[in-house]
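Let me begin by handing over the structure; questions about it come next.
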Amino acid sequence: MTIDTEPTLLAVTDLVVDFGAGAVVDRVSFVMQPGDRVGIIGESGSGKTLTALSVVGLAPDSASVTGSVRWHGQELLGRSDRELSRLRGEAIAMVFQNPMTSLNPVMRVGRQIAEPLRLHHGLSRSAAGAAAVELCRRVGLPDPAHAARAYPHQLSGGQRQRVGIAIALACRPALLITDEPTTALDVTVQAEVLALLHDLIEERDAALLFITHDVALVSGITDHLLVMRKGTIVEEGPTAQLVAAPQHPYTAQLIAAARATALEDA
Amino acid sequence: MNATRAFGRIVWRTWPGRLGIVFVGMMVLAALVSLVWTPYDATRVVPSDKWLPLSTTHWFGTDGAGKDLFSQVLVGARTTLFVALLSSAIAALVGLTLGIVSAVTPRHTGEAIAHLIDILIALPTLILALVLVAALEGSLWTVSLAIGFGSGVVLARVVRAEVARVLTHDYVLAATAAGSSTWRTVWRHILPNIAPIVIVQLSLVAALAVLAEASLSYLGLTPISTPSWGRMLEGLQQSASVHPWAIVFPGLAVVLATLGFNLLGDGLREAIDPRLHTRVATPSLAFNATIERQAER
Amino acid sequence: MIEAAEATNHDAPLLRAEGIRRDFPLPRTTLFGPRPVRRALRGVDLTLKVGGSVGIVGESGSGKSTLVRILLGLDRATAGTVTFRGRPIAPGRRRDLQWFRREAQIVLQDPLSSLDPRLRVASIIAEPLRCLAVDEDHDARIDEVLTAVGLEPDMRDRYPHEFSGGQQQRIAIARAIAPRPAVLVGDEPVSSLDVSVRAQILDLLGRLAAEHDLSLILVSHDLGVVRYLCEDVLVLHDGAVAESGRAEDVLGRPQAEYTRQLVAAVPRLPRPTVASSEY
């Protein structure tokens, strides 16, 4: 068993997720170093979301997850929910797609942002509250003190997603996993939220695992790209290179389809 | 229809569903059999045969008037089944009509009807039944009417919510765009899609009806000529300390029938929910589809 | 008569909306005084030529879904008129609008939700034929449209959930073209579909429009999709038209400030290089 100072951040080896009707994630392997920006791109049914969820042990109970997921050398698969929950929100954080359902509708957003701080860093309520307001400011919410006291339904979709990002980054995680974080947002809002994500990750030196179906989005924010199809990785490589000159026929087809309905390159 | 048969198979696979089908099935069988044959005439009084224990000639024994208990239970099943089915039918009629009308008509009328439903729900069913039975003659029809109406208004509220949910689906809009009239849309699209939930609710109405009928006939409010489990309970109760075994049979019958309908309802409910989600090809698709639909609303 | 004259003149607009306003009353904030309103549409004009294709783009809250409903007579405008070949359209008794329903059909965004899960494909496609009392052999027409959208006629006996998203959308398109409408309206018809399927469905729509003399109205938040399929575009912002004109002009060289912001916000793909495998 390796010591906890293993440099490699995340090492996924031969991950298999099966619901009993065939593997939905079929022997997926990839490695992430601290600060890496990796994108997983695929269509519906490719298994990209399940891969991400399995990393933090959030795959549905009915799924059997086998293989190896090592965090700083420590195996995560098979760990109890209690042990994993110490990691979640603190070392590894997730931002989900739908800001309407990923926030608690009856809790003020400031309190939701403060929660991971109180849970993992043991901050007092007032200290966490102050930190939450500061985070609201950092994610660009207008009038942060007021915003922190708002309920989710009083905020717009873009603002809710900013809150989601604030919650995720509150404890300065080493890895941020985002699953289609901007799909439900308007295009102009999407651009702002992406810019925010980009800045925050730079600032906090966090690694990013960005899951999406949108080729153009992923080209802007990731350095390394994995293309998934029907549970397997069909191609991987540096993002810019892959998108500009895909080698695998499926990747080529995917990018060609994206180009067909894209606006002209800037 | 293959959908119904597949559905039935799923219900059978769940334990509640299986037990529910078995218990209710036994009751239906008893009722049907009693139409053509009972070991003895259930109403035949044979004073010399009173309080006979279980035997091969009297499977459940006899009561204080020498009437065969098994035959009485069989015939009682008929009464219970009749009330259960009739109540469910009336509940369905009342519930569907009120619920659909309140959900489909324009805002102010719809809301007015919804408020009416709420007021009617406040009427306690059993008391209504007592009042009706006292006012009209106490027949199985009045009992069923009371139970059916009381449960129907509760069902109406469920129906209203379900119809409102179905109305948000695009196929309703598509039907209107294709020229369908409101009532045609209700008949072709809304009813079939709320059917599962309504059927679950109706099974619970049936359970309630079994208990209500037993209670009312126990209280002597149903005609004496109709043998029923409730009457049996009332008759056997007085001698229960001396002859405890006899009362077990009608009691057990009521319990099994009520339990049966309740379990059937549970099984149906389990069968409905996962099916809605396993319709789609892969888990990811279901994920994305539901999430995107929510996002776009 | 007016209709005949308008129909033969290809330059006369097929569908025309003028000065459309739609206000939605909001819950009261004070007991007395006027009720607050939300102005979903504030004076929108739209013209669709015969054989033309108009894209309506806008973000959420721009009013594009409201506009589409009004164009189809599924909602009543607070002010303004909508005419089809000169005849006014306004929601009213179903019977009064049947003539228009035959002429304009819609394809909705979520194929899973727009197809009744309890009906077979044949019944789904037959619905407009039956409701609009279309006078031809329904079965033959069903087979015809299924083939036209690239599906097998023997798929008519299956249920919607047995198909993929792209195929379901094809079924929805088949249903829409079955009564031989003159106008096909798509409300985000490809937004729920995978990227690789999008271009196929858009191509299908384009092909059907050309073959069957259909005019298209496409509503989308995706500028690229509108650019791909539509000749003209209408950019909606907060219930008003920010800019309109030919798609390649408006989206390629936007004049209005809002359009510029919108176009600039769309993420771009890096240019392709020569060394790639065959597309």
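The first chain written gets the first letter, and so on, giving A, B and C; residue counts start at 1 in each chain.
Definition applied: contacts are C-beta pairs under 8 Å (C-beta built on N, C-alpha and C of every residue); 3 or more make two chains touch, one makes a residue touch a chain.
Every value quoted in this text rests on a predicted model; they were computed, and no experiment measured them.
Most remote from chain A, judged by the distance between CA-atom centroids, is B. Among the chain pairings, A-C comes first (most C-beta pairs in contact).
Rounded to whole angstrom, the centroid-to-centroid distance between chain A and chain B, based on C-alpha atoms, equals 49 Å. In whole angstrom, the spacing between the mean C-alpha positions of chain B and chain C is 46.
Once the centre of each chain is set as its mean CA position, chain A and chain C turn out to be 34 Å apart.
Touching two or more other chains at once are residues 281, 285, 289, 292, 296 of chain B.
Shared interface positions of chain C, i.e. residues touching 2 or more other chains, are given as 165.
Multi-chain contact residues, meaning those touching two or more other chains, occur in chain A at positions 44. Within the complex formed with chain A, the chain C residues making contact are 59-60, 165, 190, 194-199, 202, 221-225, 227-228, 251-252, 261-279. Here chain C touches chain B in the complex through residues 72, 74, 94, 98, 101-102, 105-106, 108-110, 112-119, 127-128, 131-132, 159, 161, 164-165, 172, 175, 179, 188, 191-192, going by the rule given at the top.
Residues 43-44, 157, 186-191, 194, 213-217, 219-220, 240, 243-249, 252-266 of chain A are the ones that touch chain C when the two sit in their complex. Taken together, the chain B residues at the contact with chain C in this complex read 3, 169-171, 173-182, 184, 188-189, 192-193, 279-281, 285, 289, 292-293, 296.
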